[in-house]
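Notes follow the structure.
In order of appearance the chains are A, B, C and D, and numbering begins at 1 in each one.
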């Protein structure tokens, strides 16, 4: 990153968001049909490189099964409503209907009245297993030691450890913290961990043995981390930096390829395309799917930051509902705003610039647009 | 272009839109009457360097004839309503009247219910030929091999092959694709081809034997390519890069001058002026003419992207109607927003900076304004 | 100016508007009472460095006299309503009352129905002379040869030749154009001429023998030159460049100091302060005075661009009326938006940064703020 | 700071506001409970590094006492309503209720009808002393010589000399000005002085013997200094520059550490966090506390600039009331916009980036975000 002087001796790295960059066509084109969007991680292969963020507004056991049918990998948050309540549907309906001024207290109440129950974790995983899909669940770093083994035991195929910022080195005077490296080593299933946003932080996460790292702070559409705690790394730069860490680690490890998964701040198919162009192997998306008419959130969208008891850093957003999950994934579309036919848009972007697979597409030419 | 580091090893070229630049007067001025806006390509000469974009909202056989009278070269889209329907007027009226929420499906229906008919192509070209104008028609790259010969046969003088991004090297595993170089060589009429937006892509298009290349993605006012597929090169940079390719090719070919035609993203006379200042030989404009009270679109404006069946990348826009075609071209004007008296504005810009013809004006001083 | 690459081989100079810069305090401060805002040009001295733009909305013979009393130099446009009509007051009232959609045609009519009359020029100058003020009038470059001698004969003390862009070298195939250098040499009164916006253009204007040059295109609040003809040089850069030309010419001429007068794009006292900080000796202001309750425009504001017959490049604007001419100049103020007590604000800015006169203040530290 | 050419030979320093920067997480994290926000200056220690700005909208004797209980140091303005009126509560209520169009004249009247009374200064300080808190009061530089000794005599522990711009060298032809260095030397209590915004100006202020310097112009939310007098230095750069002056002076003085206190332009907890990241030791905040339901301003917020008799440079703003002083300081929060639980947000920011105290946190990585 280009270092800039803020003042005195304080340097800062000039960073770019997806809004500030674009993809430039080159001298070759191709047909969208001749393009592959396949992605595989560890032993698992998918038709698309899309992960669905572990947010109650988009992922339920049922929606995870449906989305798997379209080639997307949805992670169920096992600290959300589905593992706290036997039947969370009435609560989900209530969140969507609640007034904007009271919805945050409402969320705080819903997510504190009932605790997470391990037998519900087991049951939800079984529901998804029974449907024959690759099952992914997500936990927060704080509860990973306690809940991830439960999920692994219940048959989860991929475990996502996801927080606003997750580091390989969490300093704790008491010393009873999660040692990520040991934990991942002992766990039987592949782990995806993050968010991170800098080259150094990513490199350390890669050394824990994770199969993938999440880049970003999650929930770009719904979180306010920047306003509340001043922390932000614009996503185009963050993805490109972590992609550089992937290369560093590939060399250092003698060939272990850790997947770089852009997480959040992608509100349209154009943003998702840009994430791959910056070096992402896959993209974890929330708001795009919260716009589905069949999303569990019923048009409402929120993340775990929104229900924090003393310092919420996110809000419930009401989204335009633009189509079914099926239409949002593969069209057809009657909208020209990048909200429907995400996979078609990705294919078209690759075809327009002449690339046939996602790994090659990471080399596409880019421009700074403002 | 100045390379900037996005992050890691990912570079991007800093690019500029017309909004970010302006023209600086120099030490000389001149009278607007002493300025020439003449433009010629191949054997054809025009009083103005303005092309009218092949969009059903602005070009019908009748409007092409009228605009020719004012010195502009309008291209009829031979995959639009005029070659699908005997009488498209009721459909055009319907598009203008349709509600915003349903108009995209409506467009998809209109452009798929009836196929393009070769006898209508012949008939429309004859209508224009009979009026004694230089006839230009446009085809998409996908249907060029099939339809361009029909148009040439019917007497079209200039053929425009126009897509969002057209490359000289379209990769196709089946191998039955259009070979642009051979095709243009065999065709009897001069060809204008594009869009392209980078120096390399333009150079390859120039090598196909085209008389002119289109710079840009067309339809700046109506398309959403950037939101949907993340592809964009701001126009000031794109035109300047392709103008550099023109010089490269001039040298490489031993003197063949390929015209650089800015296409789209010019919503006012000020933008058009800036295109010439960046190195364009001519400008293809849509929205400016869609504002005519006598435009076929009746105030509505849309491009071919808007009727794509599964991934529309454009919308119908309703424009302010500001005057007749005659007034938009040559005034007089009672508006100060750059929408009326385009030719007068171009003359005034050249006069204010002391240039007497468009080729010289390409050297005018410029500033970055933000 | 820092050169930036737009694309290809096209360079542009990075330029700054007043909005993008600010003044930085230094280690010294001073009391506002100990600051001088005096300005003198040729044989004439003024308490303030403020000129009032030759626009019918702000300068009438009566307002010129009143403003002189507060230390400002107002120029009457001798091609405006006061030299076309015996009693223009009803027309001025009409312009203020006219609907936005029809006001441009209305202006075109008012300024074409009656021609400029030389006896009215003589009479208006006499009215101001009789009040004992330094009389300044303004003409367009097109009519300078014809009207400036009339004004000089009638006793005008300072003549302003003002157009959007005025060059020392106006190229004309017929050869019967104004030779500025000869004309100014022969004229008996000091001349201020402009606008110009680049170092080269300014240097050539200085060589004509002018006492001052206007920087900018005038009428920042009311003109749309950038939209219509794409021409613009942001003012902070323009003033700094022309101030450099002043130094060039001072050396070249062996000591002739030509005044640099910022003209337009200054909508608040903060902007006026910034013009001096960039190197201006004086500031010609329009919109600031159009906000006076006693301005001839009655709250409306427009420039000569707005009444162009075929290509208007300006509009009538309706302004907030914020106080009398006296209050706008010297306060007291009950507003915190930089519209009232312009001279007080200038004093305060100089005092805050420790400078005691305007020439020194040209050296104040500045920052780029965005 | 990076120097940029505006034009000619005029240079300017590229400066950044808090909006343009953000904090980047690193490879370490920590628990918010393991973080210290302690701050001490001279002999006084505080649980938080937050000062409350001497504005009548936020600091009364009673609110100063309450805020001290939460670890914040509030300064009473001894030229405000509490030292002019026996009972200012009705006036404060009136200011909040007054119409926007008349409130400035109203403020001018309230702050001029009654003069500052030294016995009220003594009484207000006694009220705070009696509550057992560290008492801080603020004076303007103009009245420091007269009023600061009164405050010191009455028992004030820390005296703040605060103006828009305060310099160590105030030039006065009469010579009867405050000599800050002598004055501070003679005064028995520690002095905080400012605002300043450049390295040189800060260095000179540090040499006066002040315990702390204020960075900025105060009242970012309520002042319009930039519009009125064109003076502004964006805060991220200003704080970083003054932090550099702290290092310069530490060396020059052989070890005297002068506290750098960011003052103003911090409207959310995110902004406050960024001030520390840029090098501040403490932050003086106004608008954040004006949003308290128990603030003296009753939702209204204004600074001393707003009641200037001839050139007001600030306005009364009506703020959203978001919670009690207690909630704004320490939560819990039901809002995600950085207005509630300021201390919790600061802790979270430090924990997320792995720092355990504020001095270390000054080294956190930063990015330029736009």
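Before moving on, here are some points about what is shown:
One rule holds in what follows: contacts are C-beta pairs under 8 Å (C-beta built on N, C-alpha and C of every residue); 3 or more make two chains touch, one makes a residue touch a chain.
Keep in mind it's a predicted model, so treat the numbers as computed, not measured.
Traced through touching neighbours, the fewest hops from chain B to chain D number 2.
Chains compared, chain A against chain D: the Cα-based superposition rotates one onto the other by 90 degrees, nearest 5. Because chain C and chain D carry the same sequence, their contact can be compared by residue number, and under half of the numbers here are used by both.
Distance between chain centres (mean CA atoms), chain A to chain B: 40 Å.
Residue positions of chain B touching 2 or more other chains, listed in rising order: 1, 14-15, 237.
Judged by the touch criterion defined above, the protein chains form a single closed ring in which each chain touches exactly two others. Residue ranges on chain C touching chain D, taken from their complex, read 1-2, 14-16, 18, 21-31, 34, 199, 236-245, 247, 268-274, 277-279, 331-338, 341, 344-346, 348-349, 352-354, 356, 365-370.
Listed in rising order, the residues of chain B touching chain A in the complex are 1, 4-15, 17, 20, 104-105, 108, 164-173, 196-198, 200-201, 203-204, 223-224, 226-234, 237, 305-306, 309-315.
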